[in-house]
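Each in structure tokens, the structures are laid out below.
Same chain, two partners: chain A is paired with chain B first, then with chain C.
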Partner chain A sequence: MKSTSRYSLARPSRRHWLGYLLLAPAVLLIALIIVYPLLVSLDLSFQNVGIPRLGQTRRPFTTVNYERLFASAEFWNACWVTFKLVVIVTFLCSLLGLATALLVNNKFKGRSLARLFVALPWAIPEVIAVVIFAWIFDSSFGLMNWLLVSLGLSDQMINWFSDPQAAFAVVCAVMIWKGYPFVSIMALAGLQSIPEDFYHAARVDGAGPWQRLVHITLPCLMPVLGVTMVLVMLWVFRDFSIIYVLTGGGPLKATQTLSIMTYEHAFGFFKMGYASAVGIVTLVVCIIASRLLIGRRAESIY
Partner chain B sequence: MKARRIDRVLLYGTVVLTCAMLLFPVYWLFITAISPPDTLRSFPPRLWPEIAQWQTFATVTGQRPIGLWLWNSTIAALGAVAISMAVSVFAGYSLSRFRVRGGNSLGLFILTAKMLPATLLVIPLFGIFRSVDMIGSLWSIILAHSTLIVPFTTWMLKGYFDTIPRELEQAAMVDGCSPLGALFRVILPVATPGLAATALYGFVLSWSDYAYARTFLTNAQTNWTANLGITTMKGEYITDWNEISAASILVALPIIVIYLFLERYLVGGLTAGAEK
Partner chain C sequence: MIAHWRKLLAATAAAMALAVAGPAAAQTKTLKFVSWQKDERGVGDWWGEVIKEFERTHPGVKIEWTKVERGAYADTMTTLFAGGQPPEIVHLASFEFQKFADNGWLENLGPWIEKSKLDLKGWSGQEKCTWQKETVCIMMLYFGYIMAYNEEILAKEGLSVPKNYAEFLAAARKTTKDTNGDNILDQFGTGHETKGGGGQYLSEMLNYVLDAKANWTDADGKITINTPEMIEGLSRWKTIVKENLTPRDLSAGEVRQLFVDGKIAMKIDGPWLYPLMEKAKPETRSKLKLAMVPFSPPVGGSSNVLAMPSEIADETKELVWDFIMIATSDKFQSLFATLASSTPPSPRADISDAKKAVPHFDLLVEAQRAAASAGVDRIPTGLELPFNEFAKMVMEEAQRMIIQDLDPKAVAATIQSKAEAIQKQ
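Moving on, here comes the complex of A and B:
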């Protein structure tokens, strides 16, 4: 039968060599630049190794990296800093993103321009955002110190980057400014998919603006918003450039997240075995956290 | 009627005020770049300089090879996007149209790959590139950025292909097209907006990277990307805010322009998954 040997799209369940062939280049590339390096770092995390070289004889298997890791105060401090940062930044990003999305979802002239402007920080590279905020929070001539002093909120110039709490606050500020537009963009897309009829019906029933927000908008937006929040959390969890360029993890490790700690040990102290262990733990926490938060729906949302 | 008008005014007022506050940092970057250096070191700060000093841009491009940095960033981004698109167009199509053994687990793996911290992957990649003597070359960055881009582009393109009805290919094949011919002559032309959005998104991902550039290129000044170059202008104690602001504007401008004119495509890519 000639027709059965022909490729048929009418029956999508049909396995076909072409499907494999088309997938092959991607699988090869992913294996080469993602899976293989990942296995290398897993392997490194079980060796007591400084700077590895391929083809070098493998160091003996050891769990000393993990033992040292879980016993070190630095690691638990990094966990705590990461946790604080993730919670604060995700919460405020969501709030600001949702508020701006609701604002520009109103019907008014020029709203497409307003939408463009409201999410503009998304297009500013992280490193540039750091430059801007480092200058605004400059300890001698920064705008923020001038503002705080002239408003009488502070009686002296704050040295933002040598005070642990102040530095943490600046990191939060940059990340919120960089992160809220993503929530705004996603929430706006979600808002536009809510049927107008819901609002008409609610108006007929006499619901005020606040009731419409609480009983229609927010529940309809929840699925999109939930996923968006998880993506923001993952971003904060893994981010490197903002913190590294802004504070380098200091002062006194007050802004040292797990990502920064990984990098410091790998390329500051050249203890790559130990650093890989930190990185592997970070990855495992990321995967577990996101699975717990979005569960089985994970596939449908990305 | 009057209440209506007050509502309008309030709404416009809120919108303008919100935009002004949120975009103030960008405005301040611009003002800092064109202010004379001595006004930056005086209180109160001037929200608008009396004399705009445009030559800061000329000075900074004369002192730092910003053109070269931008060129390197562009080459790295184009290279990474080209590699990523070349493999993920086919992979996305395959995942969308065929049922392949292991296809589901591959999809799941790609999702997980998006969660990989760059700080973890950078360690083995450093070891690998060192062994093959690629540290310091733009190829290291192109490959490293592909690790960021491929998972995104494959998944995004699968999403786009899912929205294109199968009847299109079927019609083409009834007319005598081979399966590959149908992909190239029918599906890809229809998917052009999707392809553009995906490529653009990949470009932005690559352009924004700092971690890989910092690790692989620090000792190769002629290959510095724009982001890496900018951070070398930021001193631990003393920074010339005038010049770093001007340089930052030049570096941020390409992405801002892309965003302002092609926002629809970028946002389309971002939210493709959200509306399901």
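Moving on, here comes the complex of A and C:
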């Protein structure tokens, strides 16, 4: 009886044990499916290995993958493409998401339907959406070219996926279309939590719509928008299927991001050591960028 | 009383024996077989027949046949092998088995061939299955390209079936047009995949490269790209794509469908185009015909191979070898010709039934022989291991030539130096 009470989780001093116990399965699972592959990947990045095999003798330690990576024009190009994509898509997703959230936050007839349409792209599976867009932007038989030519906006067919700038623009457009509803939903939730009193008081003080937006809405939304932007940025950083299905990273590596480069070297060229190095560098960049953004959010609010 | 106990004991023992032996008797051994061809009309049906025959002749052994899409195939197989869980029956494309063989993951089939006295003399493309002096696979298809054409489109322009590149180019130019006056091209002279993987892109280019008497490497594996012949081949490819004589940015499957829909005048492709032509609408089907390609030699080569993992149990290897023996038997090679409407690699296959069932079968055989006698293969000698990297590089440089309107001479020099660098890695 004495020993039972000694280890009883009901005792106030033992309550944290219960917390650890309940967390343990999740922590173990995460360690198994995230941390372990990450450590394997880190280990592989320091080996000159083609196709590795579980249980295989470890190859000698080498930094050759990182040396090659940092000396490679392909890597810096992928970094530049990723950076451009992250900045453009995150910025436009946030802008469009915020605008649509502000729109559907107003009371008007058909608001529920409008909210449904705003959120719709988020609900469509990514690959299906991409295939639809691939057909819309098809260079020979696509709807977009037909519209542009029919409306007299272009006198010739645009080779959307054979032109580096056009291909990049299409990738951005699809990512923005797929990503803005997330910002919109999050911003809408944030907007609904702003007390109406703030706006009443501002109106009494003579603040116009623009001033209310800049001095009340945006500052109050910053905690939500900050986290949302980090999540969107990380999504753009790691997204693979949109780019892979649309362009495969081409033409001329114009849409080759770090995630596409990782995949290509791993499963296209079977250079797992080199691909792991690209993956590790991508992870480090992601962590740094997230920390910078989250830190900035904290400063803005508090 | 004693007798009663004896009976009870005997009954208990019998029940226990049944309990133990029952599941064992019902237990079946399963061989995993992963393939991208599972649902392909023709060849998929043939694999189905091979599996049926194997299961019929090996009671208690089942084959678990799983389809993996071609686009995800290399990733899946790499993961399965790397994880130590390869399928027992290994089906790979002829441009990817080298990586697996190089890792020592494929069994040396030499002793198995010798033991079972499998006669591979004259077996099309079998020499491609030799890796570091070991036979690591059995070639399952070696083919030659044929040309399918839309008789009506050619006839409307007063054209006959082209017999050489000049005629082909003239016909392609004449048949590429806007048929409904909306300023948008909706009918194309020919069709090539210009989007997707480097391997297919290289095969498409190879039509023009080979006809210009060029190739990526020579028989010794030396890079032979910076040559006048290759410059001519690259110029031809540039002309076809730059002049929009082919629809742009479509995958191979989409281009084939356009041809079947009557939107393309001439389509150069492998024997697998015929089953698709059969699916065309009746009003289009009657206009789709086949002929020899207007290029010499035709593109051709090895397609896919059967192999066995090196690290499976010996008794499992015996079963896998039995499966290979069925697939390579005269009976099933003959059936391959009939069901897949394609040329079997075995020289002993009886193709008389196939000739009766498939009107163009002689053409397929002729194309296969023309490609084989010219020693054509889509995978260049000496670049087997880095083939994907090489193909991607050539595709990008060819795209650059078209997008930036570069001189093919300069492009050939660039590809030569980059290919040499890839080969030296």
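Here, the second predicted complex is superposed on the first by the 276 of 302 C-alpha atoms of A that agree within 3 Å, B and C clash if a C-alpha of one lies under 4 Å from a C-alpha of the other, contacts with A are read in each partner's own complex, and residues count from 1 in each chain.
Just so it is clear, a residue touches a chain if its C-beta (ideal position, glycine included) is under 8 Å from a C-beta of that chain, and two chains touch if they have at least 3 such contacts.
Keep in mind the model is a prediction, meaning the values are calculated, not measured.
Q: Under the superposition described at the top, does placing chain B and chain C together on chain A give a clash or a fit?
A: Aligned on chain A, chain B and chain C clash with each other.
Q: Considering only touches as defined above, state whether A:Gly50 meets chain B (first), chain C (second), both or neither.
A: second
Q: According to the stated criteria, A:Ala169 is in contact with first (chain B), second (chain C), both, or neither; which is it?
A: neither
Q: Which of the two partners, first being chain B and second being chain C, lies in contact with A:Trp122: first, second, both, or neither?
A: first
Q: Pick one for A:Val104: touches chain B only (first), chain C only (second), both, or neither.
A: In the superposed model, A:Val104 contacts chain B only, not chain C.
Q: Of the partners chain B and chain C, which touch A:Ile194 in the superposed model: first, second, both, neither?
A: Neither partner.
Q: According to the stated criteria, A:Leu252 is in contact with first (chain B), second (chain C), both, or neither; which is it?
A: It touches chain C, and chain B stays clear.
Q: Touching A:Leu18, do we find chain B (first), chain C (second), both, or neither?
A: first
Q: On the A-aligned overlay, A:Gly268 touches which partner chain: chain B = first, chain C = second, or both, or neither?
A: A:Gly268 sits against chain C, while chain B stays out of touch.
Q: According to the stated criteria, A:Ile158 is in contact with first (chain B), second (chain C), both, or neither; which is it?
A: In the superposition, A:Ile158 touches no partner, neither chain B nor chain C.
Q: Mind telling me which of the two, chain B or chain C, contacts the most residues of chain A?
A: Touching more of chain A: B.
Q: Pick out the stretch of chain C that clashes with chain B after the overlay, from 80-88, 170-178, 224-232 or 404-412.
A: For chain C, the clashing option is 80-88.
Q: Of the residues on chain A, which ones does chain B touch that chain C also touches?
A: Residues 51-55, 138, 140-141, 146, 150, 267 of chain A touch both chain B and chain C.
Q: Which part of chain A faces chain C closely enough to touch in the complex?
A: 50-55, 138-141, 145-146, 149-150, 155, 157, 159-164, 248, 250-253, 264, 267-270
Q: Where on chain A does chain B make contact in their complex?
A: Residue list for chain A touching chain B: 7, 9-10, 12-16, 18-20, 22-23, 25-30, 33-34, 36-38, 40-41, 44, 51-55, 100, 103-104, 106, 108, 111, 114, 116-136, 138, 140-141, 143, 146, 150, 177, 182, 185-186, 189-190, 193, 224, 227-228, 234, 237-238, 240-241, 244-245, 258-260, 262-263, 266-267, 272, 275-276, 279-280, 282-283, 286-287, 290, 298-302.
Q: Per the contact definition, I'd like the list of chain C residues that touch chain A in the complex.
A: Within the complex, chain C contacts chain A at residues 74-75, 78, 81-84, 99, 102-103, 182-186, 188, 194-197, 244, 247-250, 386, 388-389, 392, 396, 399-400, 402-403.
Q: Where on chain B does chain A make contact in their complex?
A: So the residues of chain B touching chain A come out as 8, 11-12, 14-15, 18-19, 22-23, 25-26, 28-29, 32, 40-45, 83, 86-88, 90-91, 93-95, 97-101, 103, 106-128, 130-132, 143-144, 146-147, 150-151, 154-155, 166, 169-170, 173, 179-180, 204, 207-211, 214-215, 226-227, 230-231, 234, 239, 241, 244-245, 248, 251-252, 255-256, 258-260, 263, 267, 270-271, 273-276.
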